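Chain naming follows the written order as A, B, C and D, and within any one chain the residues start at number 1.
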Amino acid sequence: MHRMDQAYALLEAECRDRGVDLDAAARRLAELEVETPSWGYGDSGTRFKVFKQAGVPRNAFEKIDDAAVVHRLTGACPSVAIHIPWDKVDDYRALAQHARDSGLRIGAVNPNLFQDDDYMLGSITNVRPEIRRKAIQHMLECVDIMREVGSTVLSLWVPDGTNYPGQGDIRRRKRWLEEALREVYDALDPDMRLLIEYKFFEPAFYHTDLADWGMAYLAAEKLGPKAQVLVDTGHHPQGTNVEHIVAVLLDEGRLGGFHFNSRKYADDDLIVGAIHPYELFLIFAEIVAAERSGDQRVAQTARAIAYMIDQSHNIEPKIPAMIRSVCNIQTQFAKALLVPWDLLRERQEQNDVLGAEAVLRETFELDVRPLLWRIREERGLPVDPMKAFAESGYMGAISSRGIGGSGWS
Amino acid sequence: MHRMDQAYALLEAECRDRGVDLDAAARRLAELEVETPSWGYGDSGTRFKVFKQAGVPRNAFEKIDDAAVVHRLTGACPSVAIHIPWDKVDDYRALAQHARDSGLRIGAVNPNLFQDDDYMLGSITNVRPEIRRKAIQHMLECVDIMREVGSTVLSLWVPDGTNYPGQGDIRRRKRWLEEALREVYDALDPDMRLLIEYKFFEPAFYHTDLADWGMAYLAAEKLGPKAQVLVDTGHHPQGTNVEHIVAVLLDEGRLGGFHFNSRKYADDDLIVGAIHPYELFLIFAEIVAAERSGDQRVAQTARAIAYMIDQSHNIEPKIPAMIRSVCNIQTQFAKALLVPWDLLRERQEQNDVLGAEAVLRETFELDVRPLLWRIREERGLPVDPMKAFAESGYMGAISSRGIGGSGWS
Amino acid sequence: MHRMDQAYALLEAECRDRGVDLDAAARRLAELEVETPSWGYGDSGTRFKVFKQAGVPRNAFEKIDDAAVVHRLTGACPSVAIHIPWDKVDDYRALAQHARDSGLRIGAVNPNLFQDDDYMLGSITNVRPEIRRKAIQHMLECVDIMREVGSTVLSLWVPDGTNYPGQGDIRRRKRWLEEALREVYDALDPDMRLLIEYKFFEPAFYHTDLADWGMAYLAAEKLGPKAQVLVDTGHHPQGTNVEHIVAVLLDEGRLGGFHFNSRKYADDDLIVGAIHPYELFLIFAEIVAAERSGDQRVAQTARAIAYMIDQSHNIEPKIPAMIRSVCNIQTQFAKALLVPWDLLRERQEQNDVLGAEAVLRETFELDVRPLLWRIREERGLPVDPMKAFAESGYMGAISSRGIGGSGWS
Amino acid sequence: MHRMDQAYALLEAECRDRGVDLDAAARRLAELEVETPSWGYGDSGTRFKVFKQAGVPRNAFEKIDDAAVVHRLTGACPSVAIHIPWDKVDDYRALAQHARDSGLRIGAVNPNLFQDDDYMLGSITNVRPEIRRKAIQHMLECVDIMREVGSTVLSLWVPDGTNYPGQGDIRRRKRWLEEALREVYDALDPDMRLLIEYKFFEPAFYHTDLADWGMAYLAAEKLGPKAQVLVDTGHHPQGTNVEHIVAVLLDEGRLGGFHFNSRKYADDDLIVGAIHPYELFLIFAEIVAAERSGDQRVAQTARAIAYMIDQSHNIEPKIPAMIRSVCNIQTQFAKALLVPWDLLRERQEQNDVLGAEAVLRETFELDVRPLLWRIREERGLPVDPMKAFAESGYMGAISSRGIGGSGWS
């Protein structure tokens, strides 16, 4: 511990030299809230195989139990996203109460438009009106559930698309999509938001109705201010500059939230920060810059971002994978909070390419463990949440759940 | 020729069976106009080497001469795009007159925002206001030139971007870009259009200020109805469904034009239709469908598209490469005109995935040479423009121009 | 039919002009054999959902029944690949007899190294020796099954890989892989071949032990002449020139077979020829050129290629999707057979870039339906296999199988 | 400086806890040699524009002067690669002497097969034998130059390829390539190595004769032990796991060297470590693991790797960009040296996915500045080479060279 004190003092001195307020960074970092998804605690896999793990929760209540453990150890995850019908229960108020009893609240409600047999050829863009109606009703039902559980975010992924040229009429499907979203939007309460996700491909392999941020933006822009775009970090073509998209959406007041995960190839849904940590840092750097912006719309948009994790833990134990993700997010967010913005601006103004680049990269290269340690210690949290979990005995306790718990179904 | 008559009769019979009006297709095909770029007649290359070809035009007038040959042989290329300052002349009215004398008109005017030394770190998004001003003035000068030459299209590629994280402030640059475009837009005459191009990367390698169709759309949408998006077929991430983007922009009334070329990797600028002919067909299928749309905005947008070629003939002779591109465009457009739309709609309505797919693919597999032959013969054009060029003696005639003609500078 | 005669005569005349022997092409085309996979008749899907179709075969025998229908209608699919344990039966000789009774033979045997719970962290590259042993035993069992069913091809996809940096020791896994393959190779009979597949990613998302053709080649080259590489057309990074890889492997005598399908994004497993038909043609052009090569090793390698389909029909009916794939393969192979090779060589020798390119592209643009029609009619096959299937009543007949037949498990 | 002592002590304590020998790491790090390229000091750019910088060296001698500055300040760059004919001089012994006088030696000699007009359609794979001969002669001349300057590495990039299907005969070109390399290989002295580079695309846009590591490996394997593969970190398809390729080539004794740079899109040639620093670390982790391997061939191969930088500084000042690259390489190599290998192996053996991943990632997250500081201070080098260069006055001194120095020509 003495070492960590020393390390903290060194970091503090360095920040001082760079004109960075470490206390302010610590305060902001301590406020960061990351929502975990109920389905992240259940079994998942690839199309080839779902490997069942022991101790996986068997229902929505047990998923909340697991989410509560993550919050208890990290102090950063006070809400849990639910997915309907995976988390369908008879009494949603009871579910919300269970969350509160566990120190949590229900976060985003996620409709499911991809697992009903009727949706094989599309849900809200299906050529058959009765299927579009069914899908809209499901979303309206989710809005009702939001009221029951006290959620303010409807997190919508429309998986619709086609597998072959000619299979569908792209423009007609676009109109149906707009109609459906309009009806859902109009059903929202004033304090509710609709976050519209986009995805490059999968499960559709020729065209996806909402394939990129531009299409999601277009939909949101037509609906109104309560509609915003949700960025899943794994839903882009290779090479895409995600932080650029983040900056553009922030500038337009249309960035509503994130689904964090990491990827090397497609929508790999790996642990956040495991593949390209610098990219995650650069995304947070855009956000922290926006939070500090003099443009009120931009700053408010940034401060209202819903940070959510969306991963598929196919081969690793799920709860520690979630804790690891939260810690990785905290690590990169912490680094972004230590960027010396005035220095960066100064070098940009001087067209000092190397100097400006160095400001961001060198900030990324800092070791921020002392800062994480401080905010954990100050709040009475374990300084090493991974270790604390391993020692908690929780894995042993849930083994009684057996194999074959809840999955993506 | 007898064979072609037979082949035409067979195609006609097949179209009749499929409920396709071959005469109407022939009429529409005959009207197709494809603009060729003055710079496509000059030397170009990769960053490693520009291989100089003999006979390359030495100035804007000679480029128009070459473009006139392409039009004479294809009947489909009545306009030529110019690029300022590559085509800078003292007297633009004289240049326009030379075009008219050659049977052409001046098409789009293209400003150059990437070759002045001042633009090394950006033109309209440069941190230095005097450089932004210079770039804006250059675009305003291009609007003046449009008036001189009778052009109605300002075709704008903003190559600005950064090579390193931190080098620039993305949101600030976005605001500068919007400011600059606003000033140019306001200077347009009522019958002028501003077509905004986007590009995934190159010459910037970290972020490009207008990186995708969404960013170009956003800019156009803020400006007003005279601003539209220009799609260069080579400016997308790998795997992008370009025809989907085309459909979305058509539906929004924001598709202004194309820069046609083909690519396998990045912005390879190869001859149109040389790498992925089916994709080109699918793009035209979206356009033809839009031309037939009952939604007037959609149909008018489709009919007003500016079809332009933008290629870099690094190793092949330039005039025949241009003729080849025009023919390839005609070929795929012809196929798109033969799609049996009612049948397609019927199968889509029945959720007949294989049947609907077959409609498009089988149309693509048709041999449309008889149709091309007919529209050429009817108009007194050579039925084989490539052969006609080879036999024209033009290559020999221009060899007197020598080596070292005009290039990208 | 009269029309088709006319069309055939026109094609014949054109081939004569181009110096192409249409009869020889017809003979070669008629010999083309394409193997269909037993699993292609069963249910499949994405990781999000397997949509169950009615009439799906319930066991290996019924899969052979479906494969027999495809062969009956196309005359091109005399063998069916099996997958162990999906096609596990008590009596493999009975299965082979059932195939023979249905006019088929058993083709490649495919081991499964990805669905046993033990394989979660690897099969033949697993750090635990008992799991590697188990996987090797499974492959040896497949060699035994080959003897029972009279198969000569062991078609091996090693799905092993890791999801995170550090998870595995890449070089150590490579050595284990080589050890395992050696043992299997040594168990092969003299007339058996081991075809080694590679894949860019999925189900592993950080590294895949056999990630590209180079790694598969390396393994094959160490084993000996009976080991060759299997190219799945959907297993490459975006932009990869697959026909180039095909040419290289042919030149080295190491191209053993194909898994045909098509893709736009990742390993989409769509119907062959549905997304990028020109690429399929170019692959066949390399093969036909190799078949004609004066280098005996090259020619023999080309003639011994095992053509296999490997698709995932998630939303389309499976039997017609298979027929469609076979027809698309025949179409592009037919085109490749019509390439005027001497003309191509002549233009290549003259460094006539445009002329040489035109030879291939124009061959692709031919309508080869008359040729397909001829070889079908000559052999008493339906000239339109898709229509013949629709009219056969087979779909109705198998509806009694109900929903919930065999899938990837 | 007191702070750095403290930081060093903390790092030392942490290493001790993790079982890592910091002294050994420091020794190995101090030995790391990184070769800089003469052309990296000259003007370069994109195909759109080469922005000329002031002070760029005007000839090979001045490039060596600049390289010497980089070595003087970093202590890590004792050799400089030359490129013929860009560095053509009358007296190569004089050039080598100038290098020695500047504290350097000449490293790899790079032939140029892409800038002669004759090479437009290929050099060693050109259909015309006299051009193939010319290209071979040029490479043989480079071997002679190697003798003159005392170089032991022939670093060969074959840029040959085609832009269009059909343009060339892929297999025939492969044979010509093999013939040419054979002749060059046979001319090498016993202590010379031929490093064969590969590249996914550019300047060829349809097929590149040496397109991937497998093709380069194949060529090297046929030649003999003195031929090895050169990995340019920017020459792969998107998503490629470069460290995997590195591991495979190490395992085969065929990894000869690197061209380091970074990329986000294509062959962007940006400063090493600027875009994806974790990937660079993972590459070095494979190398350090191989250096420690019990397999002597693997270990020797790793220790003999030629580390070379190959960048294109289009918009940033060239000398500091080179220093920055060297420092980034040192940073990631330093981190790789601090991996606790025994712990990693232990967790791999336990199939502890999260634990094993954490070992690498946490090592990457260390701040290794104290280690860099130590090895610089011990050797009397500036602890901050970038700052030392800025303060050296060298930029001012070379401004007398003016604008318009040497570039890629």
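The rule is short, and it goes like this: a contact is a pair of C-beta atoms (placed from the backbone, for glycine too) under 8 Å apart; a residue touches a chain by one contact, two chains touch by 3 or more.
Note that the structure is predicted; figures quoted are calculated from it, not measured.
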| item | value |
| --- | --- |
| Co-neighbours of chain C and chain A - touch as defined | B, D |
| B-C against B-D, pair bridged by the larger set of C-beta contacts | B-D |
| Equivalent of A-C within the choices B-D, C-D or A-B, defined by over half of its residue contact pairs recurring | B-D |
| Separation of mean Cα positions, chain D and chain B [Å, integer] | 40 |
| Per-residue overlap in chain C, given as positions that touch at least 2 other chains | 121, 163-165, 200-201, 206, 238-239, 241, 264-265, 271, 274-275, 278, 315-316, 353, 357-358, 361 |
| Chain D partner contacts - residues on chain B that touch it in the complex | 44-49, 51-52, 114-115, 117, 120-121, 159, 163-165, 200-203, 205-206, 238, 263-266, 268, 270-271, 274-275, 312, 314-316, 408 |
| Touching residues on chain C, where the partner in the complex is chain D | 121, 127-128, 163-171, 174-175, 200-201, 206-207, 211-215, 217-218, 236-241, 243-244, 247-248, 250-252, 278, 282, 285-286, 289-290, 293, 298, 344-345, 347-349, 351, 353, 356-361 |
| Chain C-facing residues of chain B, complex | 3, 6-7, 10, 13-14, 238-239, 241, 264-265, 271, 273-279, 315-317, 320-321, 324, 331, 353-354, 357-358, 361, 364-367, 369, 386 |
